[in-house]
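The structure's right below; bear with me while I get my questions together.
In order of appearance the chains are A, B, C, D, E and F, and numbering begins at 1 in each one.
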Amino acid sequence: MNILHIRHNTFKHGVHPPEHKEDTRGLPIRQFPFAPLLILPMTQHIGVPAVPVVREGQEVSRGQLLAKAGGYLSVPLHAPVSGVVHRIGNVPTISGQMAQGIYLKTFPFSTQEAVEGIPVDVNEAKQEAILQAIQDAGIVGLGGAAFPTHVKLKVPEGKRCDTLIINGVECEPYLTTDHRVMLEQADDIFMGIRYLLKATQAERCIIGIEANKQDAAEHLAACAPSDLPLTVAVLTVKYPQGAEKMLITALLGREVPSGGLPIDVGAIVINVATTAEIGRLLPHGRGIQERVVTITGPGIRKKGNYLIPIGTPLRFVLEYVEADPDLSEVYLGGPMMGVAVSNLDIPITKGASGVLAFTAAQVSRPHRVYPCIHCGACIQACPMSLMPNKLGQLAKFEAWDEMAEQHHLMDCFECGSCSYVCPSHIPLVQYFRLAKIMVRKRKQSKTAV
Amino acid sequence: MNSATSTPPRIGSGRMITAMTATGALCALFIVLAYQGTLPRIEYLKAKALEKAIVEVIPGMTSQKVFRLQPDGTLQEVQEAAKDASLVYAGYDLKGNLAGVAIEASGMGFADVIRIIYGYNPATEQIIGFRVLESKETPGLGDKIEKDPAFLENFKTLPIVLSADKSRVQHRIVAVKHGKKEKAWELDGITGATISSRAVGNILGTSTEHIVPVLHKNLPLLENLAKQ
Amino acid sequence: MFQKTLHISTSPHVVRGIGTDDIMRNVVWAMAPTAGYAIWVFGLSALLMLLTATAACVLTEHLLARMSGKESTISDWSAVITGALLALTLPPGFPLWMTFLGGVVAIGLGKFAFGGLGYNVFNPALVGRAFLQAAFPVAITTWHKAFAPERFLSVTASTLTFPFTEPAAVDAFSGATPLAAFKFEHAITPAYDLALGLIPGSTGETCAVLIALGGLYLIARGMMDWRIPVSILAAVGVFSSILHLADAEAYPSPVFMWLSGGLMLGAVFMATDMVASPVTPLGVWVYGTLIGVLVVVIRIWGGLPEGVMYAILLGNAVSPHLDKLVIPRVYGTSRTYKTKAT
Amino acid sequence: MSNPISQGQNNKGFWSALAQSQSTNEFLKGLWKENPVFVQVLGMCPTLAVTNSARNGLAMGLATTFVLLMSNTLVSLLRKVIPRQVRIASYILIIATFVTLVDYAIQAISMELSKALGAFISLIVVNCVILGRAEAFASKNTVGRSIMDALGMGFGFVMALLALGSVRELLGYGSIFGLLVFPPVYQEWVIMILPAGGFFTLALWLFVFNWYKTHKKAL
Amino acid sequence: MTHESLWAIFINASLINNFVLAYFLGICPFLGVSGKMATASKMGGAVTFVMLISSVCAYALHSLLVAIGAVYLQLISYIVVIASAVQLVEMFIKKVSPTLFRALGIFLPLITTNCAILGLALFQTNKGYGLLQSVVYALGAGAGFTLALILMAGLRERLEYAETPNVVKGTVLTLLIAGILSLAFMGFAGLGSN
Amino acid sequence: MAIVIAVVALGSLTLLLAILLAAANKKLYVYEDPRIDAVEDMLPHANCGACGFPGCRPFAEALVNGQALPGRCTVSSDEGRKRIALYLGVALGAEEKYVARLACGGGINVARNRAHYHGISSCRAAALVSGGGKGCLWGCLGWGDCVAVCDFDALHLNEHCLPVVDVQKCTACGACVEACPKDLFSLQPVSRRLWVNCKNLEAGDQVLEECQVACTACGRCAMDAPGGLITMVHNLPLIDYSQDHRTQAPIQRCPTGAIGWWSDDGDFLKGPESRKVIRQTPRKEGFS
């Protein structure tokens, strides 16, 4: 089954931003040092915040549970280092708001040996047990969305998952974490796939990889165990192929219905790094303590793919990689969907797949926003076949309800393709983000009344 | 207290009907009085206007008779000039000789229907006068068909070439581009108003093809009546 | 370390290099050969007209923006396009004061009144042209001979008509455009002459080959929707072929229809005005077809010899509807767009 | 009139009337503040259709004023007699009568003028200004006030028509009231006489009014 | 004049001499109702419908008036019949579909004072059209009116989200567009003249 | 003769139509309370929704049906409300005047921007980009969304880009409350004079680094306030408005002026101990 499929079918529209992956794609993953003080927000994932189970001043060892899941749509948090709980209070987060969190002081001379938990055996554990184990390991989507993985894997009553898709597309420019993970952690990935196949009861598994990572695809195809119903599919390079819906369309030719989930078309998509993490952690019953982050961008001297403990402050990271002191812009994530950072005292969280740094001279920010000239470039870029031009115009006049009701605003997943191509540099994605929030707010207030 | 808005508007139908009928009758009275008061003057003005037009297209005319073109292709004299498209006006000079026949014609122009009247002299088989009665042609461009002297010069003597038995027109009148007139029956058009002048040519052509043979057929009638 | 203020903005943090001003500037470059040829063919008059129209448009744009307290918008090059296009659609020897007025109307009425670049629902140059056509019908249908020997030494008399006065009576030559010749005299101009622009006509419409070259340049650079000229030309071709096959005497061949009049200029540079044309690919096909059909209808059955301008204006008027009716199917929805998102 | 609230349907006219009970105000408001064309944007059809010359505009305006005056008077007189359900029909009857009268009068005076104005004299019947005033003002006010209102609105209308007609004739023919203003070498702007010119000229005047209003606010 | 072909009558009434853009008939509803596509098309339909009714009525009335020799009552009888017909339609719609009534709002009674309807009746009489010709004329005029209304509505809907200068917004802009549309419709001039 | 024909003809025509209309009037009549129109006309037509109804007409219907009282309309003048009450013969139902109050004093002269924001000039949009770049994560971003949504011209930005409520014009429609992404606005009865002008949940003097008028949670106001009027909750003073709060004692020792007193003129008075901010220019941007 381990045949290398080269597929030319892809999804409609999309864009081709310059990749910039050559700086880091050849650099192996390196361990990052432990920062003296870690910042651990309770909301590193989408959903209910975790609840601290430690108190200030308590000593914890690496891998110990710091906070338990706050509910089903929540995951626990484990200590990334051995140290002492310095303070429990407000910590700054990427969203610009404060959130509850834990400051953890690292023991400077600790060996940082991780504690082992109860292993989950892939052959014996039941479906439910695996899901529980995934939640207990604090695993969320490492591709960027940080959605609790166990929720995603739970096949609802009456639905069936026939295909498990492992997302190794990594379509964001600059980022090479998934690329490196695929090259270096193939065994973990295959182990993870075993867990996932069991958890989802899927019949087959496809690993989707873009053609610019041919070596990874070949490596995976070459060393895949023969007993796995596994296919490696190479896809043409296009952004945003890594988006769930786009990947499903590209691989299976199915369209996830508007407002629906991949499971509605019998597919579940899991990021390749998440898969590797599952494969590595579950046999040891550990929780996530670190993740692979690509640190790159023209403002960084020691570019590379680093294994960074969760909670490492961004400032520490940047100082270590010798970022340009004239730093002007820092993004967490890729340039297309990543978030600009306003405060360097925020931590690396589970969802952070990359750190990009630029100095003022290296940013080409369009200074002038022209009115929409109806060129239609956004329409031909939007992978969801929306009409961003129309939406943008409506957003400008705050016609949010019309956007949602008549123009499928809620189908937009903010991939940024429209803003990328817009010759008038209209901040379309920002408009849509705002509009979506306003629509949700109004819907809430409506149901509240 | 205004009854219009503050009380439920339920008024007896009887009152409604009486009020409206009364208003109607009253209005009719007013109108008919006004009509009868102004009628003579309006009739006079209308007649004068028509006469002016006819005199213009039939030079030397002093008296006239009105004929209606019957569907069977004959002419019949009428006394009252009711509004009717199929009228021809015979004009006579002082001596009572037929000086020409005025014919109304109309057709689609550039902007809207163009109405014209032209005079035809059966004796010389020529168009002898022309006037635009109504047109909405573009001012300054298409409306040159009313004013352009060079264009109007065409109609002083424009021969209608008939077949030998005078039962049909041999060469239909057409308008050509200004300065390109070669045949006698061609109309020298107006620069910049090509479409309108062609429309005039078209109207004339259609009308003459239709009417001129009829006139020749009924020539005795036209002339005879004059002599009585 | 890191003492500078961070800058934040929303994602995506990278943009494709092409900006609106780049597009506009390239359109101007694409028109350059046509304009150059126009000057070669018609001499000083054409040059003066190009300069006057462009100056009028740029000046009006600048002044109006200033008057309404906005930043001047001339740097986006769109006013230059309008000016150049307007000049290219006017006959050589057209009085300069009228050209200037046309430029003012094109920008003031056709663009600024609607809110400036991006909001004009009609092609501004065509609004200016239509205004001039209606205001000065005689002057705008007075054609001059191409390749007049003294064209680089002197200016056609009518060009320098004193403002607000009537241009002097027609010069020695007043040739008919190929379309007028066909309409009124049923004379067909050879395709070779048409393609190379050896004919009388508007300043910029004579050489179909150079216009097409400009269009190809824009298409190659991805700055023009190729569907528009293709669909217009296809619609004209198909429609006139049918007519031509039915009655070769009465209806001219598609090649004649393609190359004569302002069809090429209109299809390549006017109908493709992004602002006033539909945005969706399918909408664009409908739009182009509509314009093509209207061109043939007006040319063949209408009172006027040429109808490209009117056809495009009508196409512009319809394009908001096309934007509403002909829209892509949203991913993950059934065909009908109006299904409400739940 | 005891209950002001019953005037709900048209409290604007009523309240302003109450506030300035002098009839001069009724007259002036039509001229300027509530000018039927420039402010209320009513009666557009004749405004645009016949104003290709100042003379036509004036004639049309006067004819309209006459009809407005007579119908306002009569409607005001009969306002208590006519039941609500048939009021529109009755007003129209009254208006149509006077329009017919005017039509015949104009025909009797000059054939030329009648031809120039064409069917638009008849179309005075459906001029929103007239029915609007009958419905909104005359049916609720005394005869005296209604007459002043009609005169004000009428002259406001005349003024607007003249303003339009003059501009269009001046640019379109180079003359005003048929008298050449510009020398014969003047190049006429044919568009001004065309329908499009009507739209543009009216837009221009409305623009001027808007400009004036915002400008005044700024001062 | 009565020999015009039905096709020519239709084209003439709808395109060449469009009631709104060339004759300035029905400008008030044109300015008022053309803001929204939905209302515009409904209004267009309503006007066309009323036009048809009044065209037939006018033809019958004219024949009757000619028969009794009272042509001078033409105007008053036309308008009173049209007004009553509209009022009946209005009452009917109010009863049958309150939503439609609310959508068209005050403009239903304004159809009465819509010059296009009376103008149509007068023009068809002046031109001496027969019954069939009258009906086609009414259809053409209605189609032209609806076309102008819908085109305008589309453009205005788009311009609703435009940075139009405040002094131009509203009626001025609508008139400007009407002017440009009128210019564009000039392209149809002479259609069928040769 | 012609006169008779005319009168008879037109008379019979009108008669016919009148009968038709009368019949239609009977068959097709739809009743609608005319008072709704009348009341709607007397309302301000702002359609602001402050009354809790989706617009003026639904409110008018509610008024006529006795489901609401005229006092609910905060936009009308007193006179207008009285008129409606008089017309409908109902009580006025007057309520205490509410106004919108801003709970932030951090203009650009006292508060610092951590990062420079590029994008749509709107608070709501800026708040999406890492919180908008303001040093104080709770503070006013100053792009004036509240000013833009105010239909009554009751809000404007002062020279330090901080919105100021015009108490006279404010109708408490709540538009600004909804618009503010930082939830800094709330509708308060005008009688509430004692006011906490900060929402910063941090404690300690380091908050002053970001904003010089922020509440440092020192708790002096709570100590000075009589009998439990003020308690410190989440590092902010909480005033218990159900008690008598007409005392200026708590503001006297506030070091930053984060708690103050709304004067009759609508000015915000600070205690004598509060640091006087004299800088009129924006603070330097940058990040710590």
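In this text, a residue touches a chain if its C-beta (ideal position, glycine included) is under 8 Å from a C-beta of that chain, and two chains touch if they have at least 3 such contacts.
Everything numeric in this text was worked out from a predicted model, so none of it was measured.
J.: I need the common contact partners of chain C and chain D, sorted by label.
T.: Per touch definition, common to chain C and chain D: B, E, F.
J.: Which one of the chains is farthest from chain D, going by Cα centres?
T.: A
J.: What's the distance between the Cα centroids of chain B and chain E, rounded to whole Å?
T.: 29
J.: Averaged over CA atoms, how far is the centre of chain B from the centre of chain C? Could you give it in whole Å?
T.: Their C-alpha centroids are separated by 44 Å.
J.: How many angstrom lie between the centres of chain C and chain F, each centre taken as the mean Cα position?
T.: Chain C and chain F have C-alpha centres separated by 51 Å.
J.: Express in whole angstrom the distance between the two chain centres, defined as the mean CA positions of chain A and chain C.
T.: 49
J.: Which residues does chain C have that touch at least 2 chains other than itself?
T.: 2-10, 109, 115-116, 118-119, 131, 134, 137, 303-304, 323 - these are the residues of chain C that touch more than one other chain.
J.: At which residue positions does chain F touch at least two other chains?
T.: Only 2, 6, 9-10, 13-14, 17-18, 21-22, 25, 34, 37-38, 114-115, 118-119, 125, 128-130, 133, 287 qualify.
J.: Which chain E residues reach two or more other chains?
T.: 22, 70, 72-73, 76, 80, 84, 87, 163, 168, 172-173, 176, 180, 183, 186, 189-190, 192-194
J.: If you connect every pair of chains that touch, what shape comes out? Choose line, ring, star, complete or other.
T.: Basically it's none of the tidy shapes, so other.
J.: Show me, using the given definition of touch, all chain pairs that touch one another.
T.: Those chain pairs which touch are A-C, A-E, A-F, B-C, B-D, B-E, B-F, C-D, C-E, C-F, D-E, D-F, E-F.
J.: Would you pull the chain A residues touching chain E in the complex into a rising list?
T.: Result: residues 371, 393-394, 396-397, 399 of chain A touch chain E.
J.: Which of the residues in chain A come into contact with chain C in the complex?
T.: Touch list, chain A to chain C: 12, 15, 17-18, 173, 245, 249, 255-260, 315, 318-319, 323, 325-331, 333, 335-344, 356, 360, 363-366, 370-376, 379-380, 383-387, 389-390, 404-406, 408-411, 414, 416-417, 419-425, 427, 429-430, 433.
J.: What does chain D use to touch chain C in their complex?
T.: So the residues of chain D touching chain C come out as 182, 185-187, 189-192, 194, 196-197, 200.
J.: In their complex, what parts of chain B are in touch with chain D?
T.: 1-6, 9, 11, 15-16, 19-20, 23-24, 27, 30-31, 34-35, 37-38, 41-42, 45-46, 49, 134, 138-141
J.: For a test of understanding, state which residues of chain B touch chain E in their complex under the given definition.
T.: Per the stated touch rule, the residues are 24, 27-28, 31-32, 35, 83, 85, 106, 108-113, 195, 198-199, 202.
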